[in-house]
Amino acid sequence: MLNFASDNVAGCCPEVAQALLEASTGTTPSYGNDEWTRTTEAELRELFEKPDLVAFPVLTGTAANCLALATLCPPWGTILCHADSHVNSDEATAPGLLTGGAKLVPLTGADAKLTVESVREAAATAGSRGVHRAPAKALTLTQATELGTLYHPEEIEDLCSAAREHGMAVHMDGARFANAVMALGVSPADMTWRLGVDALSFGATKNGAWAAEAVIFFNPDHAEAFQYHRKRAGHLLSKSRFLGIQLSAYLQDGVWLRNAAHANAMAAMLSDGLTEVPGVELLLPTEINEVFVRLPDTVRAALIAAGVIVAPWPDLGPGAVRMVTAFDTRAEDVATVIATAATA
Amino acid sequence: MLNFASDNVAGCCPEVAQALLEASTGTTPSYGNDEWTRTTEAELRELFEKPDLVAFPVLTGTAANCLALATLCPPWGTILCHADSHVNSDEATAPGLLTGGAKLVPLTGADAKLTVESVREAAATAGSRGVHRAPAKALTLTQATELGTLYHPEEIEDLCSAAREHGMAVHMDGARFANAVMALGVSPADMTWRLGVDALSFGATKNGAWAAEAVIFFNPDHAEAFQYHRKRAGHLLSKSRFLGIQLSAYLQDGVWLRNAAHANAMAAMLSDGLTEVPGVELLLPTEINEVFVRLPDTVRAALIAAGVIVAPWPDLGPGAVRMVTAFDTRAEDVATVIATAATA
Amino acid sequence: MLNFASDNVAGCCPEVAQALLEASTGTTPSYGNDEWTRTTEAELRELFEKPDLVAFPVLTGTAANCLALATLCPPWGTILCHADSHVNSDEATAPGLLTGGAKLVPLTGADAKLTVESVREAAATAGSRGVHRAPAKALTLTQATELGTLYHPEEIEDLCSAAREHGMAVHMDGARFANAVMALGVSPADMTWRLGVDALSFGATKNGAWAAEAVIFFNPDHAEAFQYHRKRAGHLLSKSRFLGIQLSAYLQDGVWLRNAAHANAMAAMLSDGLTEVPGVELLLPTEINEVFVRLPDTVRAALIAAGVIVAPWPDLGPGAVRMVTAFDTRAEDVATVIATAATA
Amino acid sequence: MLNFASDNVAGCCPEVAQALLEASTGTTPSYGNDEWTRTTEAELRELFEKPDLVAFPVLTGTAANCLALATLCPPWGTILCHADSHVNSDEATAPGLLTGGAKLVPLTGADAKLTVESVREAAATAGSRGVHRAPAKALTLTQATELGTLYHPEEIEDLCSAAREHGMAVHMDGARFANAVMALGVSPADMTWRLGVDALSFGATKNGAWAAEAVIFFNPDHAEAFQYHRKRAGHLLSKSRFLGIQLSAYLQDGVWLRNAAHANAMAAMLSDGLTEVPGVELLLPTEINEVFVRLPDTVRAALIAAGVIVAPWPDLGPGAVRMVTAFDTRAEDVATVIATAATA
């Protein structure tokens, strides 16, 4: 089986897996008081050039996003997001539950990207009837987006400015943050707080960890509320070292960037190869580790016959599929896929 | 450091750690569709002699307990629990959040154990004023209890009968279920569904896993609601194999029972040794892997000086402490503690 | 001041006001056990030709809608509604709070009316990713709509059929139900349960009461859950006779229909008169007691100068306003408005 | 029937009933922008000698209490209350729902009164385990209490001081505030904010209105959050004049105090008369408009035969009943009750 359905079909990268094994013995304080969790926060402070940021590990992206939003938005507020965002499309009713009932308002925009215009308009609408509406209090954007596209830093800055003007805090869903950093060649700081981002879901799961995300607040005042939100959602781990080890190994010696660079390179190879196959249509630019293509029926049948798994993506029309690469995708497997498609 | 503060200061037992390493490569379907998650359910069905049970892995005990209760109790119901129970004392406002606002009513009872009388009385009170009160819809009991004591099967049966008469479903918090099974020598089935238990938080974290509990429903009708509750709380793992591997390794070849047997034996040794030290008072019978003692100041000082960490337990009075053993507690360390105390 | 901003700027119709005065003395059981509340339910059963319906008075439309939806939809479900519906546009975060976090998905459609196509598509989308999405469990439609338009019975039937096929219950927001009944000349039964509607917010406030709506379930099985939902939202009135009196006086001798007939007639007169004024544009057909027009600046200025209050309605474009008539709108005041506009 | 079961079996006092009738015609802005609502706030500012207080009418006591608490306490906090308090005993799961899941911790204390000791102890317990517990953030006390007893001002002051020291805000449930003011002869200011009370549920329903309570915050900073909480619970009335009229008529010319004085006097007469009847035992001092007595079976039978309705109060033991007087209780009816009892 060559499974390209998602980057979450992969396991755990060797550096993280090995670190977990090595640190599995001995005792250490629990509930976030272990040394690895502290190390992780210290490393993130350095990485983001922000000595007062606070970082809290959680286990899933849904928890990271929704608990961050619960911290930034009162339960009577509106959260603006893209209609295609994970928080709107794939987190079921988690936003409603974990924020205490805040209103998620999905906006449209090409390539899964929010536009300043739609944000301004939605904020004005949300704020136009006093208590009869839920005022816009938070904006969430995904970098890289769920369609594998990227916001350029100036776009993020413009969205943050618009958010600020309308009284919104800004959250960034960085489930594929590493892939975005590598693709844009921009420092973590220059893609987040320097542009006005207040909180980041710093994803590690899709890029080599088992189950680890860090919620980062660039203003430490958010720490207290977040910690209570995390606890009451059942996301404070007793053996917190398990999270700390994953994240510290992930950050050490550039593992996280190497993993992302590899995944991005594999996607580029896949994208380049497939688009040369007659009848294959590239539906979106391949900017990170995701390839969205329309496949002719013959190609699709050939891939299935060869045991290649892709994800149907009906939102992009009939025949559209998503293929995702990961830290462990092998070049020879990509070559096999291309060859299979080319000879279909 | 000899850390006896809790069984969550331990890491991960070698069988689980090794299994995680070995299964860290290759691709597999995500979100619960991996083979290890399926294997785990199959193993639990056999272990509990109940071919139609459903089992769902989650990452923390708080999640296991509160999501199970959310499934058993409507948001307008009352949940009866012991005042000393984890769900009442250590899960903050998680029960309120995850059940949608159900009312947790704590009851008293010696040794952290519920009595049939207090359950009947509380159920009658809860049900006595129509919609002005929240009718009792669920009962949760902890086996073994938070004070390291055990319900005998007939006590559980009586509580389940009382619950049933008053229209309550029964949940068992089994954070230390393995220790209870070993201590009582009773089969899993004979301690749960055969007595009337509807749902069990089957804990693995404290007994050798990193972060893994299985929520078991003995009636498969609860599956649908639980799966939505789990997802909306952010507890559905993408790389679900991480949970499946832990649990399948934990269940294989009796690892879970060996771990518990060892922890229980270490606690017995510790308890026996300490109670022979003049001035040390055993506050509760040592039935599983927890020892509750009152230490004279001199003994306490000597332990601190020797780097022994214990947990102050003020609920049991001044000088009271809890000491917990785990799968990896070493007999020589227990001997050191006893010797240190004896010569204080 | 001639206030046409809404039908809630009116007071209370004389029949209701007088009944309240007369029944203000003496004692009666509280919390819904008074005779007027029982009478109201009996009258509604007769009126709707449904002897087993259950009816519960509440005080506001927001409570009626959201508590009905909380009863019909699990907290993990999706509720489909029109983007212009009151529940989406004017009830802030009440749906999220009172349903326990269900997801409100707004649909578009001309004249504030849902279409079968958009309902089917949204239901398919909501149901397309298992637990990662919130399955569509309820549909809410407003009759008459927030833009003063009407669903014809066959349209309601088609929507109910589509809802049923996709596993949704159907709620009707009848804040202006009386106006719709009078406008269409259709019996209450033929506009609701005979077409497949499960629950109705039967509004009285806008049509002559002070603060009274009845939530009607055509299937009595919904009674238990609703009563708990109502209580926990603080909407169970102690002196429930206050609600019962309003509703029984409202229903007696056709008061509710006379009030609606009058309001509708006044709106028709206003609409006819205004559309003859050069430059005034009728934006929607005037089917009930609401008139949506675009006013030239001169006309608008003249109305303001004459003390006529209208509600700006920017959703319909620049210059758009809403004018609403009520049970107590006077024909001479309508004539004054028309004359003022005509001579502007 | 002579119904002494509660003060909510009464109707509406003539001043309020008449004012409602008179103000039922004409148009006025809705949603709190009517003149009566403004007048009410102005009157309360004068009455409480606090020009910057903010006051918001709601319809029920449950709404008043729970929405006030939602404003004072974060969803992850603990609210301390008396076990016999209305919020704990008679508001079902409303506190959990409307606060977003805060934890209600009931305390014991004679005569339904909190003690400083139990408050301090509970606050310490709640705050003793970091995020694993819910820190005490609000204290609610009822004046007069649910057992008809009174806190003396110095007791309130002590409770407020203890609350402040532990980081709690203080809410007073004043469902029978008027009765307390008359009984103690203390000014409203001297019973609330001058002692440290932050928010008051100022009840009018039990003392002569149909359905009207004012939630008063002595610090206007609470206004914004409360208004959103009120709206999202469905408690913002469209025809808000209905609430404003009730409250302004209630406050005008001392109606509220006269009503309470009368009810208190009738209870004193009833209490004095009954306690002279052989075998009747007064269970609590009669301080306001509630009488708690144990009745011999013969007396009880005689009262039932005479059509006198009382409320069984099993919490005070077998044979215990509550009898409540109201603004409209007639002295001759009280005399009848006493005579009936005396000749039993």
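Lettered A, B, C and D in written order, each chain numbered from 1.
By our rule, contacts are C-beta pairs under 8 Å (C-beta built on N, C-alpha and C of every residue); 3 or more make two chains touch, one makes a residue touch a chain.
Keep in mind it's a predicted model, so treat the numbers as computed, not measured.
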Per Cα centroids, the chain farthest from subunit A: D
Subunit C and subunit D, separation of their C-alpha mean positions in angstrom: 33
Computed distance of Cα centres, subunit D from subunit A, in Å: 50
CA centroid of subunit A to CA centroid of subunit C, Å: 42
Multi-partner residues of subunit B (at least 2 other chains): 31, 75-76, 91-93, 96-97, 100-101, 131-132, 134, 228, 231-232, 236
Chain-level touch network, classified as line, ring, star, complete or other: complete
In the complex, subunit B residues that touch subunit C: 31, 74-76, 100-101, 131-132, 134, 225, 227-232, 236
Residues on subunit A engaged by subunit C in the complex (per definition of touch): 75-77, 89-93, 96-97, 100-104, 128-129, 131-134, 314
Residues of subunit B defined as touching subunit A within the complex: 1-3, 5-6, 8-14, 17-18, 20-21, 23-31, 58-64, 66-67, 91-94, 96-98, 205-206, 210-211, 228, 231-239, 241-242, 328
